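Shared between the two complexes below is subunit A, which pairs with subunit B and subunit C, respectively.
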Partner chain A sequence: MALSTHTTTSGFLLPSIHSAPPFFTQQPHPTSLSIATDQWIQIILKYARHRRLFTIRVQDAETPGNVWDEILRNERINRKLLPSYLSYIFTQMVSRKVAAYDPPKQDRSILIYWRLPEEWAEVLYEWVSSTANMNTIMTFYEITDPPIESPLSALPIPLLRQAIAILAKSNRAQIIAIAEGEGVRFFPTTIKA
Partner chain B sequence: MHRLNGVGLAALDRHTSTSRSYDLLSTSLSQQQVAHLHSQLNSFRSALTTFATNHRDDILHDPAFRHQFTQMCSSIGVDPLAGPRRGGWWAELLSSVGDWQYELGVQIVDICVSTRERNGGMIELSELVRLIRKLRGVPDGQDEKKKGTVTEEDIIRSVKTLSPLGAGYTIVTLDDGRRMVRSVPKELDEDQAVILALARAPGRYGKLTIDDLVLQRDEGGRGWTRERARGALENMLLRDGLCWVDEQDPVHDKVYWVTSAMKWD
Partner chain C sequence: MALQKYSKFVDGTIPIQALLYDDEELISSQDGVGIYDGLQKSPQHQSGTIHVTSQRLFYIDSAKRASRSFYLELSYVSRTEHYAGLFTSSAKVTLYLSSDSSGPEASSHSGLEIWECEVCGYRNPPGLSPSAARICGLCGVPRSLPAKDAPSNAGIPELNAASVLPSSASTSALSSTLQEPHLVACEACTFLNPPSRNTCEICATPLPKAAGDTALEAKSAPTTRPASPGFDHDDNGSRMLKLSFRKGGDKVFYAALKRSLKAQAWEIAPANASNDGGRLGISGIMQVVETNAQNRDTNMSNALQDLEALMIKAKDMVRLAADLNERLTASSTITANNPYSSTSLLSSTSTEPEEATFIRSSLSQLGLQMENTPVTLDMMKDEREWMEQLARELANVLQGSEKPNLPSSSSGGMMKERGIIALDEVWGGWNRARGVALIPPSTFLQVIPYIPTFTNPTITSRTLNSGLAVLHTPPYSRAAFAARVCGLLALAGPKSTTEIAQEEGMTISLTAEMLDIVEEDGDICRDDGRSVIQENQGDVVVVGEVNWWANLFLGYTWDGQV
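For the complex of A and B:
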């Protein structure tokens, strides 16, 4: 029973540590704990990117039958990530700024930054420029649900707001109040003086 | 004596002159001996140098030859690893062997440190040999004659050269005779040595429970009490981080996994 890697039905490659039974229990020794937690964070970030998932909740570990089953459970060795441990992993992800509690002021659900808000800002700006939407006012809905699928499809609004805020700092975007609520206008980068 | 040396004051004089002659003679004799030793030493030194230079490649690449050479060195009281400070000119002469050994030491540290996360600082000697061969790009296989290959003896010798660093690198021999290199400066108590040996038993892959320890018997047929077993395992888990705990086993409350005995692909 050597530990080996495993490819899930969705085509995600799980590292060999995922087939080790103790990996699913929160380790009491600080060094072991940090090793295991690092591995879990890597797996969660990679899987989120693989399936384009943006949120994970403690209850995903409590009840089966959700998009996270493939990594939170290992049926082959009959183990599942314990909810208390997942909650600890959340605190670590938030403190490392690869996730944020969403909605804020609770600790049961996080928004996963498999791309950092800064990276999303660049992706957003690239997309606006390649679809010739500079200077036009766009609604959030137009960005996150475009007729042609884009790298920004289904991007959660809080993440979109952060990305716009980052662009606004460098004068590349501006939030504008419009009839249906809020919109955003992007500006082409001016040659730096 | 009296007749030979005469009597009276003349005897005293003669006695002094005799002992002076003896002194002279012994000085010249010992000078001769020292000169003789010096010339012997010189020829030995040049012979050793020539030998080390001529066979440098063999020493570096052929493990069997290297073993013989270091054995020869130790039987004549030369330590090729003593380093320039302690070993004086010996070490300079044999520097090729010393360098080789130090280089191996660096590779051992490299592997011990990089695998520490998954084995808790205990690595089996044979596994270390395998990884070093991989690191050096020596093709796998049991061919000890192959150039550039490294043997367990080489590693044991190199680990000894690491001792002045104070990093606590030591060779630990388990009850079943297997040897491990420990790179964490901790004392393994006897119970832990037993546990490590048991964790490596065929088919176990590092998995251990308190029951396993209670059921095992030493040579005298004595088993461990439940408290002793729990204490030893909890120490390894909480104090030393040498094993991980699994609380989801269907049969046992707690299953301990000794990381250094787990097999990873």
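For the complex of A and C:
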């Protein structure tokens, strides 16, 4: 039975294995399971990047009608991913550091790192320099919801904090307490003698 | 007072176990005990441990073990009394002591010396109680002291009671007169026998009674006499001893004491000696040996006679058995000669009359083994052969026999059409085929390893993950089954467990187990029915079963969105 790739309505190209029914079952055999889980993690990361999604919850597999339907369900072969398997995939993603539980200390929803925090830090720094906001104090809101669509639009605050923390380590940013809450100031790269 | 008269000093520093005679037994102990000598407290014995043995009562003083400990022979005790105690008065046990000891008085033979039996020359070891030490341990002849050693008390140990009293003059006079009647001359051979014997030691002629009686009379006369006058005018207090239990434990101790007194261990040894009087001495020993030899002879000749009679009959029996067996075979083939399949095996054996099977097994138990009878353990010489014979029989049940004339061969065998079969079914089928002398499961399991040797194609056993054990032919081995399932899935696409079970002709549960093992090897993967999208919640939810796929994960590479 030949399996084929499929393009979803949102334009995402699903791999051929997504149309194989066993893919939706948590395999007892360890090798099969690890291969299947690898593929699932790839699909989730790539789909999240494709749709600019940052969180996925176990509930998304439990009830239909959400943004993850296209990958968690396959109407063509009448299969859906079981919540228990999705939960297992979460633990694997967290242990591989491509996701983190958000909020922490629970395992029902995760924050997906389709870009790693280090990558986000670089993206943030580039955006700040390209928009000439160096040395000015910016609020988190100004960064995540700029008037002009940016790569950082809708970035979750926890992820933004991590990115700023990484920049702060190399003296390129500083968290400042301002009237409305917290702000951040970015510094141009200084080459210290 | 009583304490002085009856007790004997003992060194209390020696552990109690070492103080006992070899045939004495420690029964109970209690500490915190004081002694009343008569009605008065004995000031020197107010705190100590008291031990009761089968023969004696020990008092070990807790303060001055070496100097104040003593023991008392229980044979002196005539009566006991128990007082439970009241307020500050502690519980007491009163021992009334008899003036004349009923037990044998043999203090002159202290148990601690080696003595040589004058009859058999056996050197008796020390350490026995006085009563037991009076008799030679080897030949059972009572000990009598040689006259030259101690003429004053030769042959009359009872006289030693007199040593308490200053009457040595009278005893020595008595003993000298006793010297002569002490030995009894045999009427037949004139041998001088000791007075304890009723028959002559040399020729076993009965000895004249009169001589023995007079000797005994003369002997018993002085025993009571020297002892009695000393005690007669004593008051009651001089003949009793009180044990005061300051720390309790009186009840348990009193019960033990009573038991010990009742058993009268000091009486047992002499009683035995007198009962076995006929077996005393050299002639007695020789008599026993002779009787044993005679008995052995009679048994042997009886056995040989039986064997001879059996040998005469054996030929007839063999002929009869062969004849009987032929008839049975003929009748059973008539009743069961329809074309056989695996199911008709069971019916054919059940139609065979039970009597026939019973007769056959009886015959084989007699060693008259016929070809088509169930193998039983009695037929076999050793365990291994027994197992091999059983395995051969089981192989016949499973696959049918090669020999065409046997009833079991007429059926196809249980595994003729089935490649795999659960062990419990095999066991049941086999025992049904045997009919008699059923095989217990333990033996059945022992036979299993022998099966491959006797089957063609080889039948081996295998235990599945659930613990279910099966017998199977080569096509159902782990590798072969996996290969076949993979081939099927590759050719015909995904299959459910039921479909595979149908294909293989196995039960669904067995198939599920087998598939689990194949999955363990990673050759197939599953598609769980629970993953099916069930949109219409109102309907009855049917949980789909597992569908099996060839493992499509192995070697898969990403072909989705870059």
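Some points to look at:
As a convention for this text, the second predicted complex is superposed on the first by the 191 of 193 C-alpha atoms of A that agree within 3 Å, B and C clash if a C-alpha of one lies under 4 Å from a C-alpha of the other, contacts with A are read in each partner's own complex, and residues count from 1 in each chain.
Criterion: contacts are C-beta pairs under 8 Å (C-beta built on N, C-alpha and C of every residue); 3 or more make two chains touch, one makes a residue touch a chain.
Computed from a prediction, not measured in an experiment: that's the story for all the values here.
Superposition of the two structures on subunit A leads subunit B and subunit C into a clash. Legend: residue contacts after superposition of the two complexes on their common chain; A:Lys46 is shown touching subunit C, with no touch to subunit B.
With both structures placed on the common chain, the touch criterion links A:Val94 to neither subunit B nor subunit C. Look at A:Ala20: by the touch rule set out above, it reaches both subunit B and subunit C.
Once the two complexes are overlaid on the shared chain, A:Val58 sits clear of subunit B and of subunit C alike.
By the document's definition of touching, neither partner reaches A:Leu116: not subunit B, not subunit C. Between subunit B and subunit C, C touches the greater number of residues of subunit A.
Look at A:Thr31: by the touch rule set out above, it reaches both subunit B and subunit C. In the superposition on chain A, A:Phe12 contacts subunit C only, with no contact to subunit B. Clashing C-alpha atoms with subunit C after superposition occur in a single stretch of subunit B, namely 111-119 (options considered: 111-119, 129-137, 147-155 or 165-173).
Looking at subunit A, you'll find residues 1, 3, 5, 16-17, 20-22, 24-25, 27-29, 31-32, 35-36, 78-80, 82 touch subunit B in one structure and subunit C in the other. Only residues 1, 3, 5, 12-18, 20-22, 24-29, 31-32, 35-36, 39, 42-43, 46-47, 50, 73, 75, 78-82 of subunit A touch subunit C when the two sit together in their complex.
Contact residues on subunit C toward subunit A in their complex (touch as defined above): 493-494, 519-520, 522, 525-528, 530-533, 547, 549, 551-554, 556, 558-561. Those residues of subunit A whose C-beta lies close enough to touch subunit B in the complex are 1-5, 16-17, 20-25, 27-32, 35-36, 78-80, 82.
Those residues of subunit B that touch subunit A in the complex are listed here as 117-118, 205, 207, 237-238, 240-241, 244-250, 255, 257, 259, 262-265.
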